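Listed after this line are the structures, all set down as structure tokens.
Next, two complexes with subunit A in common: one pairs it with subunit B, the other with subunit C.
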Partner chain A sequence: MSMVMQSVPPAEAARSVRQRAPLFRLHRASIWIWCLTLAGISLVAVAIPAVSAGVSFWFYLFQWIALASALNLMAGTTGYVPFGFAAFFGIGAYAAAGLTQFHHAPTWAALFGAMAAGALLAVLFAPTLRLRGVFFSVVSLSLAIVLRSLIVLLPEDVAGGSSGITITGRHDPILLYYLMVAVSMGSVAIATAISVTPHGLRLKAIGDDLHAAQIIGVNAKGLRLAMWVLSGTIAAMCGALEGLYSSAIDPAAAFNILISTKAIIYAALGGLGTVMGPVIGAVIMTVTDELIWARFPIANLFILGLIVSATVLFFPRGIVGSLLQRHPRFRRWFF
Partner chain B sequence: MTSLMTGAIVNAVALGILYGLLGLSLTIVYGAMRIANLAHGEMVLAGSYVAYVVTTKLGYSPVVAIPTAFVLLFVLALALFAVAGRRLLAARDPEMASFLFFYGVSLMVASGLLFLFDADARSVIFQFQPLSYRVLGLVIPKARVVAVGVALLLVPALFLFLYRTTPGKALRAAVMNRDALRIVGVDVERLSLVAFSVSAGIAGVTGVLLALVFPAFTPFSGLDYTITGFVVIVLGGLGSPLGAVLGGMLFAFSEQLTTLWIGQSAGVLAGFLILVLVVAIRPAGLIGQAEWKS
Partner chain C sequence: MKRRQFLKMSGGIGFLAAGAAIGPFVGPAHAQASGRKSIRIGMSVASTGTFAHDSQSGRRAIDLWLEQVNAKGGLLHQGQRYPVELVVRDDRSDKQLAPRVYESLIFDEKVDLVLAPYGSTLTAAAATITDRNDIFMMGWAVAADSVFKQGYKYIVNGGTTPVSRVPEVPVQALKRFGGKIISTIAVDEPYSDALAGSFRATAEKHGLAIGTAEKYSRGAKDFTTILNKAAAAKTDLLCITSYDTDMIVMLRQMKENDINFPAIFSTFSQNSSILALGSDAIGLWGQSNIDPRVAYAVNLGPTAAQYLDAYNAKYPNGPQSDINSAVAFASLMVLGAMIERAPSLKAPDLKAAALDLSGHLTVLNGTYRIDETGFQTGYDILVIQNTAKGGREVIAPAAVATAAPLFPMPTWDQKAKM
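And now, the complex of A and B:
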């Protein structure tokens, strides 16, 4: 005992503990800086319609930020990668378009309908959370396909059949854009709030080792379900806003598998399991997409594929994740 | 009605064996490497395009396309494994990393095919003599007979490979316990290379056979094949060769019979609903792990 005490003098031991302990704890200022950044982005977003000719690019930029963050809520922390994420987007689009076109609901009612539909669908799909890994991804994907086929089979005055729904009433695109900004910033704010509270730690524990987390008393099933419903609801709202914005939806576009995969890719590129990652990934990829799409329409998919594969091979943890792994001291500032 | 019924059953058997082949090649890779090959459908599709080039462009018999597709896909898979194999196997979560990696590959292959062959549907043009057989009042196209015949040769051959040869036994052992396999001195990386290339080759052959049965395909048909393949192996039980064949049959029968009784769009639904049902009751699939243990 005394030998041990001698080999490490108490004062030195205390100092090394003091030095090490805060190394991985988030700096309080970091949260403030991040919140201020989000507020700044929101302010810029509000000003954009005044200075920019069209809001289309910005609308989709915020849509992808929202979708990538929503997906990350589920996939980043618990390790479940829902390839059928498009189901939520699609059901939201259909709920909003159906309510608006066939029941003449006002915008807010259509949005609430879409939110309810997304949450309900998430609860309906909750049994699939018993599955893991590839099983979960495949079943989730098939459920999205089932849902799309069901909507095609529904009567035309309920869901428009195979040709979809065209909304004849006019919606102010600027208003929809502002709503999208709100949804997007809201979902990032929720992700931040979850990450800095003990829930974030619990979710990380589930992602690292489900059984160990359960043994130390983490309510894994409840938390997972909450994340699932939350991410589904956000995706449904994105779908609703996009449906109203484009004012024409059809089954193939609303349930497009690319919606799931792009959200996964954007989040993974930025860094799954981090709050900042999906935002950074979505911004980089949406801008790149815009630049490439404008110049080389055919090469677009190829380059998207190349970026995905290269990211997995060379930055498996994404931009933010790799940065934190190489330079642990940044863990105090980036999360 | 009865002739419609027999027709549907004959179709289901033909499709079932092809779906089984699709699942078999996918399950070999999953079993040996714990890797989910999301680009599998694009490999199958590449086989279909080989069939298109060999028959429609060059005018040879589709039978020539079978070895061509096998060799071409085998070599391409070797190259792909050389680039990515080691990194993927060493990833923190190989299953998810490869899922995403191969999704990227599938996008690249699909856009490559789009660049080479345009977006409109292609079909394989070939002349068989005679064009069709008449059995018990049913007209069965010869192309379908050839496709099923080749599949019926390939499936037992694969089973012989998996159950009677040393590499095949090593592959099945890899499904059970990779670490133990390493301890007894098997070069798991080389085994993975063999598994991946053979699987890609079979996927190419499956593509040729599917092109004979389903006449039209586009550069974006790959995902449908991938999903079918995954549904089939999840139905049967991941990593189980017998399960893949059973899953293929079950999927094809549910699809064909529902199409006959209810309609085309319900046919697609039925297969997926059966998947959800099977997974809810038996998450390991029809014969899941049980088969490997006995």
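And now, the complex of A and C:
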């Protein structure tokens, strides 16, 4: 190992990665198609309130796209799967609701506060990044539980206590929907930008082998922390928007473990480590869920469970991941 | 794959996917049905999650009401009888699903009005949708006061005693019996914490002192310290607002340490799990909204005894009617009267009818009375005390009491001999 370090200086190795990394195997048209698809989705999203009577389905669809993509920034690239991801969602919801309800902050200020709270929490939780694998997952989950307990113990005029916060000031749901679309498309755009730049390759290197990545000069700590903060900030924004949209939050709903598990499942079903995967996973699962719960009022969860199990069995690397594994030629088009 | 082939394929798939995905979820704005054949009421019930048990308890009573109403040909609205259709969806106790459920009920199912989901959090989330779309919502299990401070125009609490009003009867009873100090023990969950806070606020309002106010995290098993603190504060009424399983542990630890209180109140004191403790459950105060021996001057629907007979006839093998079943049934009785009185099923007309009927309807659990926001100011609770050999007596309000209270309640030594 020391031989390798001596023969290939880290700085030189990093330069080598930087030179080889950009778009080395992607077809350039693929990125354009993807960007046009995102632009098309955004245009459709803008038109939805004009043609659809309700926006709740769409609001939550874009929320899950954002959460799955945000989680993928961390889990998909660096291999850190945060089961306590709900902590960011919850802190964002509480920050926005508290600022709105107790300090009469306007929507933009509440969202800015939520963003800052998410970023701050990510920095506070950063020492957990020293751990790997299941240990990191368990500790992140524990911290989410601790945070939930802390919120409950705070004075009622700060965080509403066990009863949570009911927001009496009413917000325009259409405005919140547009903001959720913006957060969602923004998170996918960030994932795309990271993926097609050398940072994407460096992150993949961290996910494959942390020590090897460090040896070739990748700033693993800095990149991991950046992804962690980015991921947490996006989740906090989602929590803030959801809290304002539903106008009621409580500790059980805001820090619900299902938020973490759903984001992980949606990202994994689409394909962890790919940009398109979390988007595809979130869309397929949200649409499937919507189609079955109304038609099968009793058995909807059972059917959903079967679909998730079957998808995992047939596409163990997720839809995009398995497609790329079976048909490597698609690597030029899907990423 | 050639570039041109890929571009064609991806374009086609994208177009089809967009059409398939958007199709089912866009639709015209809600329109009230013309040429009416029935009255369609939407509601959500939780098949899983925190609220599953309680919301299904309510659903059983709602089905009983539906059966009774449709057996008579439906509700009389605009001079004609219409059968009532109930459109039910699953909300999985999920706050994020509730808005989608109610949008679907309004736009896909074209319901005329809705019943709220179980619980205040889900109700608040659903009300953002129904109120914005001018759909009337009847709440039947919405205990939090805050929901009615949000400025919603078309939501009414038709059945539940709000959490801020639950303590009124037990606190006044304690004062009448000569008690002076109240302590609370709550688990850190919304209803439990809010109820404990209401007990303290009500006690202070009536000039009683607060001994201790303890809160614990779910899963705690040793309550000895907080019980001793409450005893040391010379507590006359200990209000335990958490789960029955926790209360069983607390009672056991009180017995082991010979900690006695003149009175102990819990929402769950008459649960079968508590009554199974036998003589250890004697003297406990509990809460109910109906009792077959308490017959208010009912002018709408059955008395409590008649309701229980009908319920037991429909569900002979259980589960038994509980607090949620009774409030759901009461809400539907009131809702039926509103529908019959309102000139149309539009939300403003139903809300006006709800206000007109306020104070004029007495149903199985008391008199329905609301303020302008739809907040319930009627429906006092009944305080029930467990007596020897599994008996239960109503001890408050005084006007409907069936027996004098055991106050102070028997000590552990005395209970052992009963």
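Just so we're on the same page, the second predicted complex is superposed on the first by the 291 of 335 C-alpha atoms of A that agree within 3 Å, B and C clash if a C-alpha of one lies under 4 Å from a C-alpha of the other, contacts with A are read in each partner's own complex, and residues count from 1 in each chain.
We take it that a contact is a pair of C-beta atoms (placed from the backbone, for glycine too) under 8 Å apart; a residue touches a chain by one contact, two chains touch by 3 or more.
Note that the structure is predicted; figures quoted are calculated from it, not measured.
Asks: Of subunit B and subunit C, which one contacts the greater number of residues in subunit A?
Replies: After superposition, C is the partner touching more of subunit A.
Asks: In the superposed arrangement, does A:L143 touch subunit B (first), subunit C (second), both or neither?
Replies: Only subunit B; A:L143 stays clear of subunit C.
Asks: Between subunit B and subunit C, whom does A:S52 touch in the aligned arrangement: first, second, both, or neither?
Replies: It touches subunit C, and subunit B stays clear.
Asks: In the superposed arrangement, does A:T197 touch subunit B (first), subunit C (second), both or neither?
Replies: It touches nothing on subunit B or subunit C.
Asks: Looking at A:V152, would you say it contacts subunit B, subunit C, both, or neither? Reply first, second, both or neither.
Replies: Touch partners of A:V152: subunit B and subunit C.
Asks: Tell me the contact category for A:L301 with respect to subunit B and subunit C: first, second, both or neither.
Replies: both
Asks: Pick out the shared contact residues on subunit A: the ones touching subunit B in one complex and subunit C in the other.
Replies: Shared contact residues on subunit A (touching subunit B in one complex, subunit C in the other): 149, 152-153, 298, 300-301.
Asks: Show me the residue ranges of subunit A that touch subunit B in the complex, using the header's touch definition.
Replies: Contact set of subunit A toward subunit B: 79, 81, 127-128, 130-131, 133-135, 137-139, 141-143, 145-146, 149-150, 152-153, 257, 261, 264-265, 268, 298-302, 304-313, 316-317.
Asks: List the residues on subunit B that touch subunit A in their complex, please.
Replies: Against subunit A, subunit B makes touches at 30, 36, 84, 87-88, 91-93, 95-101, 103-108, 110-112, 114-115, 223, 227, 230-231, 234, 238, 265-266, 268-269, 272-273, 275-276, 279-280, 283.
Asks: What does subunit A use to touch subunit C in their complex?
Replies: Touching subunit C: residues 27, 29, 33, 37, 40, 44, 48, 51-54, 56-60, 63, 149, 152-153, 156, 161-164, 166-168, 170, 173, 242, 245-253, 258, 283, 287, 290-291, 293-294, 297-298, 300-301, 329-330, 333 of subunit A.
Asks: How about subunit C: which of its residues touch subunit A in the complex?
Replies: 1, 3, 6-7, 10, 14, 18, 21-22, 24-30, 47-48, 50, 88-90, 92, 94-100, 103-104, 106-108, 120-121, 124-125, 127-129, 132-133, 144, 146-147, 149-151, 186-194, 197, 215, 217
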